[in-house]
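You will see two complexes here that share chain A, one where it goes with chain B and one where it goes with chain C.
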Partner chain A sequence: MEKAIKKYWPIFVLPTLAAFSIGFIYPFLQGLYLSFCKFITIDNATWNGIKNYLYAFTDEAFLHSFFFSAGFTIVSTLLINVIAFAIALALTRNIKGTNLFRSVYFLPNLIGGIVLGYIWQILINCALALLEKPLLAVNPTFGFWGLIILMCWQQIGYMMIIYIAGLQSIPSDYLEAARIDGANEWQILTKVKIPNVMPSITICLFLSVTNGFKLFDQNLALTAGEPGHMTEGLALNIYDTFYGRVGPQWKGYGQAKAVIFCVLVIVISLIQLRATRSKEVQQ
Partner chain B sequence: MTKKKSIFDTILSIFLGILSLAWIYPVFMILFNSLKSEQHISTSSIFELPTVESFVGLDNYLNAINAKGFMTAFWYSLVITVSSLVLILICCSMCAWYITRVKSKLSNACYYLFVFSMVVPFQMLMFTLSATADRIGLSNPYNICIIYLGFGAGLAVFMFCGFMKSVPLEIEEAAMIDGCNPLQIFFLIVLPILKPTLISVGILETMWLWNDYLLPYLVLDRTKGYTTIPIFIQYFKGSYGKVEMGPMMASIMLTVLPIIIVYIFCQKYIIKGVVAGAVKG
Partner chain C sequence: MKKKLLSLILAGAMLLSLGACSSEQAPAEKPAETPAAPVETPAAPATPAAPTETPAAPEAKGEVYYLNFKPEADEQWKALAKAYTDETGVPVTIVTAASNTYEETLMSEMAKSNPPTMFHVNGPIGLLNWSDYCLDLSGSDLYGELTSDGYALKNGDEVKAMAMAIESYGIIVNKTLLAEAGYSIEDITNFESLKAIAEDITARSSELGFAAFSSAGMDGSSNWRFQTHLANLPIYYEYEADGINSTEAIKGTYLDNYKNIFDLYINNSTCAPAELSAKTGDDSRNEFLNKQAVFFQNGSWEYANLVGEGLFTDDDLAMIPIYIGVEGEENQGICAGTENYWCVNSQASEDNIKATLDFMYWCVTSETGLNGMCVDMGFVLPFAKGLEATNLFMRQNDEMAKAGKTPVRWDFPTIPGQTWKDNLATALTAYTAGTGDWDGVVSSFVDGWASEYAAMA
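The block that comes next holds the complex of A and B.
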């Protein structure tokens, strides 16, 4: 049978592979090459060695955006997962209104990042104006926490759905056996429920960490990096280096930053998958 | 014990109820402000419900719809989402079937390449991808689906591969003995079995395609007036001079409402799709 299918590869694999080459492989390799070049358009690229990388590592705005992204990722990952897990625990107790609550919490996920950013910008700015505090565009602390609130609002529902599925797949005999053995609710939670939902925790942590680092739309719409690049995440900093500046050197710098960013995201994903996978138990 | 538990559950219910009211408040706020007249939307009155004097009915909505470019942006968003979705579902499921059924070093390499592409951030390719698209004429709303197929293939192929293992090999072999060629096997046997998976992948991809901002913003040729809804909303906000709050809120509602309506009707599938996508992902 394998042989028969093999002959049909131009129909089955070629369309996807051709589009994948145009949409991913070719731009990716070209991006790698261009990160060592000075260019405005692709045709006039000239070799520049590792100067772009040297610049990227000494660019203060880039380093600041790295720490901003890292801080944002840590805080948002913790908050999102703790709250989502707590809500998932509450919603698996068969209380009244479970379905309605679940639908409502999930809703913000379906709205795009740009629109979400504007909704919250209006809301937060008006609230700040009423309290006579400085607006988002001038206060980086509020910008940071505004982004955290926005991300929590968007992501908690998604993670909650995954946790609920994980909690519901725990065999009920485990819980009964633990109760018969005299375990209290806290022991059941830490000794039975959490080890058994470890796969869900792996996925949710993975998703929220990569989402945190890749954050772009929300960042652009809510604060656009104001004031003075203080609330700029890595992705937005790269975008700004590419398209926000005039001069022949900037695109090369931007591409080098993008390669660094890409390597960073890949390394984080690998470390994290390894770290949490080892804590999983067999069911 | 049971009485104590039921009191606790009631308190929990009430708490979650209050929380869910807070959860929909931002959307609700945009909704009631979009029904107010322009001069009644200000920082001091934004938290007030519309009154008889500030209520203007659907005026803001008519203004938003009549604003230059809104309906075209809506149309382009729809074209891009539907064409890319169809292309991704058909091509990627075929590719995934081939990769799982034909075991060779090459198909394995393809699989890992697809997985790798899921992790790479868009900023890595944004400049080169938009230049490539421009050069080979994919920078309009009718051809951009090829870019989406390429860039979105990673997730789709990965998910389809995960589900392909649940398709029993025996049925396919039986069909082959009965004289089906691989194309018939795929379209008459495998695809119907994959229907729930198609829905799951379709929902995840639609959520991404409809809301995507940076890719169409960079790839589409804006000098020819090609915009999508997320890009258009940004124009409303970012245009010079005074921001028209009323029409802007109305246009936000117009983009959110279709999503909410679809969500109300397909909730079951959407939530299933998210779970399936996450468990395999």
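The block that comes next holds the complex of A and C.
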């Protein structure tokens, strides 16, 4: 069997490699090239040098959207993971109806971001109207917190499943040994459970950090960046740059922003991966 | 044994995924498939290889691919394309971009190996992006059919695009409700009389059971009625006063009038101004349909929605001009114009260009074509053989023109792009909600105009 794999590995790798090249590597390289161009259609581009990048780095709206995305990512990552982990702890204690709870918490994840965005827009606007506060379209503070609530609602169930899987894979003799040694619940949590679920934490942090930066459809549906780009994340800003104005240079500006965005997300998630990986322990 | 079973399953899964790959890739060669998932309606076989079903196809060399702008006319275009294919054997593919995604869809379709041969631009500003792709139509038979040069978009002597449908907008009135309030449309002759009637209805709204205006929703599905169509009036009057037809720096001479009419809308509405920011286009229409409001600012394209459910007949409805308090406006008509311009893709093959021009000519001259466009789709054509309008609001436009009223030209296609409109909408929304003031609106109207024109350069 192993011999066969050694012999035939290219056949097994080929489909995925081909898909990856067609679907990722080629478009990425083309995108990189286009970020130095002016264009209307992608096969008819003219070279524009680094002007696109100069514009992207001096655009205030882009800078604002970076800080908006960064703030959003920090808050949403913390909230989602803390709550998801707490629920996972609660649902690994053999309470009655555990399976029902797990399914129900997971359900919001099955609804698409655009639909969720519109549903929450109606809900939050109703609440704001009752409180006689300005509605979402003119209220950047609630726009931000609305997005946080929406993302928590959508993501907590998903992260919870990953944490449950991690918690269940801790060998029960570890926990038993800790109890015999007289550890209390808090000590078991911090000294045994958390170190052993570090791989899950790595995955969940990675997912929520990248989701936070890549936030697009929820952002578009809930606030569309209103009022005046105040609640606009990076991805939505790129989209607006690309389609909001007339002229070939704007496509180039949008493309340059997209490349910066891509590099930024990769760098931040690599740092995060390295930081959490180093805390993982061997079972 | 177990291992063998596992490897069998894995291999099966791999085969399945390969199968999925190939089935996804196969239709990608058809011109109609886009990642943006527009409504795909291949009305004809994609290749001329199937004329067995259709009667003789003597010289069907080229083919037509039309990227349609109007989702409401998708089915009718599909039927018309089929009729053309049956008659001539030339395959016609109709693809309709989903609402509000035309530019995106066009951009991705144009980059394909089989791009649209026939597409839309929305006016002089929209043409800037696509000018290089527009065939000069000045020598075409189609251009000979155009009733006025005003319906052509020109670049020097070259005719880059031609209007394909004329539309109108104004304030749609529920005459029955207006009569209940004790007025008739003859009482409304200028801004003063409109304001007096609207405010009287508001004062008696609890007794009457309806409001003057349906909600001026500032949601994205409705705000174009104010940041584009209503904004056309101050732009039009300024252009008229200055004797120009476009400008890179607007002065905002008539912005006080814009404020008057907008204030009238939001203060005499079905809901409090602060709630308008979340109201949608559907909300506004439904209020009008449910007889909760007398006035509803919208256009001739709403006609089918209003009479379609049998709630209204032509006797209940009328369209009146949007009066903003400009001197001499008693003689103002409704806003008539177009933002639907046909272009032919100059980069298409010669056969396809010829097939496309023939198809367009057939659409606006043959009996079947005219029936499809004027009756089924309800368009009023700017072409010589166009049929009489079936749409009440377009008929009214004709009547007003005959009565000597001056229609308001559509000058909003000279607005410098979507960003200007979005920023104006943001300022208007803040104004309605009380979080911003009118100065913000003026600034995004005037300063925004200059900076957006500068950004286009």
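Annotations for the structure displayed:
One rule holds in what follows: the second predicted complex is superposed on the first by the 258 of 283 C-alpha atoms of A that agree within 3 Å, B and C clash if a C-alpha of one lies under 4 Å from a C-alpha of the other, contacts with A are read in each partner's own complex, and residues count from 1 in each chain.
Keep in mind that, in the parts below, contacts are C-beta pairs under 8 Å (C-beta built on N, C-alpha and C of every residue); 3 or more make two chains touch, one makes a residue touch a chain.
Remember, it's a predicted structure, so these values are computed and weren't measured experimentally.
After overlaying the two complexes on the shared chain, residue contacts for A:Ile40 are found with chain C alone; chain B is out of touch. Contacts of A:Trp153 after superposition: chain B is touched, whereas chain C is not reached. In the superposed model, A:Leu136 lies in contact with chain C only, and not with chain B.
In the superposed model, B is the one of chain B and chain C that contacts more residues of chain A.
By the touch criterion defined above, A:Glu226 lies against chain C but remains apart from chain B after alignment on the C-alpha atoms of chain A. Legend: residue contacts after superposition of the two complexes on their common chain; A:Ile180 is shown touching neither chain B nor chain C. Once chain A of one complex is fitted onto chain A of the other, the partner contacts of A:Ala19 extend to both chain B and chain C. Comparing the two complexes, residues 1, 12, 15, 19, 41-42, 122, 125, 129 of chain A contact chain B in one case and chain C in the other. Within the complex formed with chain C, the residues of chain A that make contact are 1, 12, 15, 19, 40-44, 121-122, 125, 129, 132, 134-139, 224, 226-228, 240, 243-248, 250.
Every residue of chain C that touches chain A in the complex is listed here, in rising order: 3, 7, 14, 17-18, 21, 103-104, 107, 110-111, 125-126, 128-130, 132-133, 218-220, 274-275, 277-278, 416-419, 422-423, 426-427, 429-430, 433-436, 452, 455-457. Of all residues in chain B, only 9-10, 12-13, 16-17, 19-20, 23-24, 26-27, 29-30, 43-44, 46-47, 91-92, 94-95, 97-99, 101-103, 110, 113-114, 117, 119-129, 131-133, 136, 138, 146-151, 153-154, 157, 172-173, 176, 181-183, 186, 207, 210-214, 230, 233-234, 237, 245, 248-249, 252, 255-256, 259-260, 263, 267, 270-271, 274-275, 278-279, 281 touch chain A in the complex they form.
Interface residues of chain A, counted against chain B in their complex, comprise 1-2, 4-9, 11-13, 15-17, 19-28, 30-31, 34, 41-42, 87, 90-91, 93, 95-97, 100-115, 118-120, 122-123, 125-126, 129-130, 153, 158, 161-162, 165, 199-200, 203-204, 207, 210, 213-214, 216-217, 220-221, 235, 238-239, 242, 251, 254-255, 258-259, 261-262, 265-266, 269.
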